[in-house]
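Across the two complexes that follow, chain A remains constant while its partner is chain B and subsequently chain C.
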Partner chain A sequence: MAPKLKDTGRQRAREGSPWTGLWVVVAKEMADHLTSVRMRILEVLIVLTAAGTVYAAIRNLQETVGQDPFLLMKLFTTAQEPLPAFVGFLGFLIPLIAIALAFDSVNGEFSRRTISRILAQPIYRDALLMGKFLAGLFTLALVLTAIWLLIIGAGIVGMGVPPSGEEVARSLWFLLASVFYGGIWLALAMVFSIVFRQPATAALASIAVWLFFIVFWEILVGMVAPILRPVQFNTAEEILAQAQLELALTRLSPNTLYSEVMLALLQPTVRSVGLVLPIQLHGAILGTPLPLHQSLLLIWPQFTGLIAATILLFALGYVLFQRREIRA
Partner chain B sequence: MRRLWKVFALLTLVSLLCGISVPVMAQTGESTDEPDLVLSTTYPSQVVALGESVTISLKISTEATPQVVWLDMKQIPEGWTATFRGAGKVIKAVYVEPDNSASVSLKLEPPANAASGSYEFVALARGENGEVELPLELVVEEKLPPKLAFDIDLPTLKGKPSSTFRYSATLKNEGDEEVTVNLLADAPAGFTVTFKSGGQEVSSLPMEANQSKSLSIEVRPYAELPAGDYPIVVRAQGDNAEAVLSLTATVTGEPDVSLTAPDGRLSGRAYAGEETPFKLIVRNTGSAPARAVEMSASEPTGWSVEFEPKEIDEIPAGQQVEVTAKIRPADKALAGDYMVTVYARPEDSSSESVDLRITVLTSTLWGVVGVALIAVAVGVVALAVLRFGRR
Partner chain C sequence: MSELVIETHGLSKRYGDVVAVDNLDLAVRQGEVFGLLGPNGSGKTTTILMLLGLTEPTAGSVRVLGLDPARQPLSVKARVGYMPDEVGFYDELTARANLSYIARLNGLSREESARRIDEVLERMGLSAVADRPVATFSHGMRRRLGVADVLLKQPQLIIMDEPTQGLDPEGARGFLRIIHSLKEEGITVLLSSHLLHQVQAVCDRVGLFRHGRMELVGTVTELAQRVLGSAYRIRLQAEGPVSTLTEALQQLPGVVDVQHQGDSRYQVSATSDLRAEAARAVVSAGGRLLGLDVEAPSLDNIYARYFEEVEHGAEA
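Coming up: the complex of A and B.
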C-alpha cells in the first residue's frame, strides 16, 4: 500500500506514508488501555469467569470422560450446572471488552480537546485511527491469549494430559477467530465514537447493536422468514427453502458466525454447521473427527466473514473520520 | 570167679545194646511201608494257553518226623523245564515239621515249539524214609491268534477343501487277548488325520478280547488343496496284529474369493464431486477357478462407484486380479468419513465384501473465495486511504 504521489486534479494527493507515527500511537494507546481501571475490571471479570468455568469443566471431565483425543477442546466446551461452558461466556464477554475499549476512542479525544494537539504532531489522521484500532485489537488479543494460556495450563495441571498438536492448532485458530469477533465490535464501537460526539451515546449505540444481534435478531428472523418464504402446501421444497432463508438471515449476525466457528473448531466431529439432509448422511460414519483443514474449510466462509466485516467496518470508520472537520 | 563176672558183664552189655537197637529198627521198617510225607496241590490238572508257562503251588507236610525233603521231577515231557521255588529262590530241598507244612511253587515252562495237547508230569518228594509222588497234568490249548479288523460303511467321502471328512469305522479285536492298539494314518501332504473315540481324541487305545469300538476318523484338508481324490491309509497296530483301512477323500474344488487392497489399506481420501481411483485386489484363495466374478458396491446416496473391469472372466486358483474402483462422492457430500462396501460375487460361490472407508474432503475453492473476500476488504481500506488520505 505504498502511497503514490499523484495529483488527481480534483483533490490534492497525500504526501508521505500513512504509517508514520502509527506504532507510536499503538504503543501509547496500549499503555493507556492496559493501565486503565476499565480494563482492570474487565480483565478480573474474564479471568474469574475462565477460572470458574474451567475448574468446573475439569471436575466434570475427571468424573465422566475416560479417554478422548480432544480433551483440551472439551475444556472449553464442557458445561456443568449451573455454570455455562467457557465459550458461552466468551460469546458476550468479547463484545463487552471490545466495546469498552473503543466506544470513546475518537470522541474522547474531542471532548478532552486533545485531538488537535495530537494532529499537530507529525502524525497523520490515518495513522491515528489505525493506531487506535490496532491498539484495541492488540489489547484484546493480549487478554484472550493470556486466558488461552491460562486455560491450557490449567488443563495440563488439572488433567495431567499434554495437549496434542492438533488440539493446540485448533485452539489457536479459535483464538484467532475470537480476536476478529472482538474486532467487529471494536470497529463498530469506533465507528459510533466517530459518529457521535458524546462517548455515552456511542457506548449506548454499540450496546444497542450488540443486544439487537444477541437477543432480537433471532426472533426477528423467525418472524421474517415465514413471511418471505411461506409454507403453503407443506412440501419439502418449501420447508427447505424457509429453513435456508432463516439460516442465511441468522448468519448476518456476527454472534451466529462466531458460534459456528466455535462449534466446528472445538468439536472436531461436527461435519456441517448448516442444514444437513438425511440423504447426505447416508453411509457416513458418524462420530469420527474431521481433520483440522476440513474443519477449517467448513467454517472458512464464517471465518473470513468475521475478518472481512472487521476490515470493512474499519474502512467505514476511516472514511467517516477522514471526512470529519477537525478544528483546533 | 573173676572170668565168670566178665562174661556176665559182656552179656549184659550186649543185651543192653540189643535192647536199644531193636526199637529203632522196628520203626524204620514201619515207615518204609507207609512214608510219613504228603505232597499235594489244589489243582492237579490245569488248562493253559499255548506258549504260557504255569506255576503250580505244592504243599508238603509230615505227620511225625521233622525231616529234610528232596524235591525232583520223576516224569517231565521232553523240552519242558521245571523249577521248584520257595521264597523267591530256586530250591532243591525243603525242611518240613509235623505241624508246619511247607509251600513250594513249581514252575513249568514249555519249550518254544510246544504243541497243544495233554502233558503228564510227576513230581517227586523224597524224605528220610521214603518218597511220595504227585501226578500233574497240563492241557495246553491253542489260543486264537490276535487279530484286529476294521469295519466301515462309507470309505469314500466327498467334500470341499474347507470341510472335515468324518469316517465312522468300527475297530474289532477278534483275538482272545487284550491288545493295545496304536492308530496310525498315512495321508498325503495337506491332510491332518485325527482319531476320536467317544468324543476324545486318541492315538492308542486298549482293546479287550472280542471287543469292538467305534472310531471316528476325522480328516481335515488344508484350504488350498487342489481338487482330486486322495487316498488315506489308516492302520491299527496291536502287539502282533495289524488292521489296515483304506479311505478315500474326494476333494472337490471351491473358489474362495477375497477382496483386499494392494497395500492392505482399506481407507482413502476423495474430494467431493471428484472421481478418485482406488486399487483393489480380488484374490482367489480357493482350489477351483472363480468364474465370472462380478464387482458391485453399495455406496452412499448420490455417490457413484464404477469398476474397471466390471466383471472378471476367470481367476485361476491362487491367482489375483487387480480391479480399479472409481469412487466419486456426491457433489454436496459433507466432509468426513463414509463407508463404501464393495462386493465381489463369483458365479458359483458366495460373494465376498470389504468395507472401504472414504474420507471425503471438500474443495478448497471456497477457501480461496474467502481469502478473496478479505482481499477485497483490504482493497477497500487501501482505496479509502488513497482517496481520503491527508485531507
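Coming up: the complex of A and C.
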C-alpha cells in the first residue's frame, strides 16, 4: 500500500469525495432551522406582512378585475398608503431571514465546542460548510415558496381569477431571484460567522453591511460619481458619462440588482432598467407588455450578478474556513 | 512495523515564532495505552490534532494505522475515535439524536446505528437519559456521552485529550475502568493528562513533553530509573552515630545515595526495595531503628524531579 501511495505522489491529492456526508449535514441543519424559535418568529413576521399587503392590494384591485391581464403581479407590487407593496417588504425581509439563518452557523459550532468532534468524523470541511449553506438556502426557498403559494391562493380566492401561465412563470422566476438574493446575504453572514468568534459580532457586521447598501450606498454614489466624472462644460457626453458611472456603481449593491430584476419580472411593461435614450425607444409601443423571455433577457445580467455574488462570497468563506485553526 | 499504530518522524508544528511541537518521534504500539504528559502549553493537544489531520504539520511525517492523515483523512477518521479536551454537544438535541448525527456522518445504516447507539449508551450507563436533551446533562454525563460518541464507530484507536478533566474521584475511577476495558478489547489508547497518578494507574508507557519536545519515553519504572537515578526511596529513622550509620547504609549493594536529613532521619535511594537489608545494617552498626518506610516510584516524583532539574539546568 505504501509504495502505491508514493506513486500517486502529489501532496494535494486527497482520497474520496469532498462531499462525503454533505446530505447528512444538510438534513441535520435544515431540521435545526425548521424547528428553531428564531425561524418561527421570522415565519410569523413574513406571513403577517404578506397577509397585510396582499389584503390591501386585493381591496385596491377589485375595481380593475377583468381588465388587467397581469393581476397576480399586481398582488405583489400594489402599494396602498401607508403600506408599501409586498415586494418592498421582501427587500428587507429576505436579508433578515438569510442573516438570521447563517450568522452563527460556523462560530456556533466553535462556541458549542462541537466543531472538533464533528470534523473528527470521516467528512471534509467542504461538506460541513457547503451543507450548512445549502441547508440555509433550502430553508429560505421553502419559506419563500410557502409565501408564494399563499399569495397565489389568496389571489384566486380574493379576486376569483385564476392566474395565467405567464403570470405563474414570471412569479416563479421572481421566486428564484429572491432565493439567490437571499443567498448573497446568507453567504455574507456565513463569512462573518467564520471571521468572528462571537455570533453577536457576526450578526452586527452582517446587518451593518446590509444597512450600508440600503441607506448609504446611493448617497455615497451620488457623491462619488460627480468627482470621478465631473460635468464641466455641460455637454451631453459628460452628463451621460456621469449618469452611466452612477448606474454602474449603484449596481454593485445587491439591492439594486434585486429591485431591477423585480421590476422587470413583475411589471411586464417595463422595457428597460437602466438609462433610456430616446433612440433606443424607436419603434417601441410604450405600455405594451413584453413577453417573458424578453423581460428575462433584459435582466439577465442582474440575475447572473446575483448568482455570481453568492458564489463569490461562498468561495471566500470556503477559503477562510479551510485555513481556520480547529481547536475547541 | 505493522504493529505500530502511531508513528511520527520529525513531526513539527510552528505558529509564527511559537514552536508548539518540535521534531517529535512518537511510536505507539498496537494494543497499548500511551500517556502524553507535560505542563500546559507543552504541545500535547497540537500533537493530537496533527495525528488526526485536523492541523497540518509544518514538517515531518505521520502514520496512523499505516495511513497518512493528510492524504487519507477519511480512512483515518473512520478508524480513529477522538474525544477533545472540551467535548461539546448540541444542547437542544437529545443524547440519542446527537449520537445519531455522528452515526450518519460515519455512513452507518439506520438499523446498525440504532443498534450501536443503544449498545454504547448502555455501556456508558446513559440508557435512562438517552432521550433527554443534552442541556440537562451534568459535566460527568457529558464526558461519558463523549466516550459513547467515540465508541460508536468501533474504532481501532482512541485518542482522548484530558479525559478525566473535571471529574470527581469516583467518576475518574470509572473512567480508568473504561480505559482498562478498552485495552482488554485490544483497542489502542492514546491519552493526555495532568493527573499523574491516574496516568500511572492506566498507562503502559508515557511520554513526557516539555516545550514541544518529548524528552522522555518509557514505562514508569524506566522513567524512574532515568530521572530519579533510583526507583525506590527508603525513609529510615534511627538513633546512633551519624557517620557510622551513613557508612553502613552506603555499603549495601544497590544503594545509590544516603542522605542524613537531621533529627535521626535518613533517606536511602536504592534500585530495589532494600528495607530488610537496611534494617539489618542499622542494627549491626549499633544503631536503634525507630522507623522504616519505602516509597515506590511514583510518576508524581518523576515529574516533579524532572521539571525541577531541567528548570535548574536552564537557569545555570
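Here is the rule we go by: the second predicted complex is superposed on the first by the 310 of 328 C-alpha atoms of A that agree within 3 Å, B and C clash if a C-alpha of one lies under 4 Å from a C-alpha of the other, contacts with A are read in each partner's own complex, and residues count from 1 in each chain.
The working rule: a residue touches a chain if its C-beta (ideal position, glycine included) is under 8 Å from a C-beta of that chain, and two chains touch if they have at least 3 such contacts.
Nothing here was measured: the structure is a model prediction, and the numbers come from that model.
A.B. asks: Touch test for A:L298: chain B only (first), chain C only (second), both, or neither?
C.D. replies: first
A.B. asks: Report for A:K28: first if it touches chain B alone, second if chain C alone, otherwise both or neither.
C.D. replies: Touch status of A:K28: second partner only.
A.B. asks: Go through the superposed model and pick first if A:A308 touches only chain B, second if only chain C, both, or neither.
C.D. replies: The first partner, chain B, only.
A.B. asks: Tell me which partner A:L290 touches in the superposition: chain B (first), chain C (second), both or neither.
C.D. replies: First partner only, chain B.
A.B. asks: Between chain B and chain C, pick out the one touching the greater number of residues of chain A.
C.D. replies: In the superposed model, B touches more residues of chain A.
A.B. asks: Considering only touches as defined above, state whether A:L252 meets chain B (first), chain C (second), both or neither.
C.D. replies: Once the two structures are laid over each other on A, A:L252 reaches no partner at all.
A.B. asks: Touch check for A:P122: first (chain B), second (chain C), both, or neither?
C.D. replies: The second partner, chain C, only.
A.B. asks: With both complexes overlaid on chain A, does A:L211 touch chain B (first), chain C (second), both or neither?
C.D. replies: Touch partners of A:L211: none, neither chain B nor chain C.
A.B. asks: Let me check the overlay on chain A: which residues of chain A are in contact with chain B and also with chain C?
C.D. replies: Common to the two interfaces on chain A: residues 1, 13-16, 124.
A.B. asks: Please name which positions on chain B make contact with chain A in the complex.
C.D. replies: Listed in rising order, the residues are 299-303, 330, 332-340, 357, 359, 361-362, 364, 366-367, 369-371, 373-374, 376-378, 380-382, 384-386, 388-391.
A.B. asks: Which part of chain A faces chain C closely enough to touch in the complex?
C.D. replies: Against chain C, chain A makes touches at 1-2, 5, 11, 13-16, 20-21, 24-25, 27-28, 32, 112-114, 116-124, 325-328.
A.B. asks: Which residues of chain A touch chain B once you look at their complex with the stated criterion?
C.D. replies: 1, 3-4, 12-16, 18, 124-126, 271-272, 276, 279-285, 288, 290-291, 294, 296-298, 300-301, 303-305, 307-308, 311-312, 314-315, 318-319, 322-323
A.B. asks: Name, in rising order, each residue of chain C that touches chain A in their complex.
C.D. replies: 45, 49, 52, 54-55, 66, 68, 70-75, 77-78, 80-91, 101-102, 104-107, 146, 149, 153
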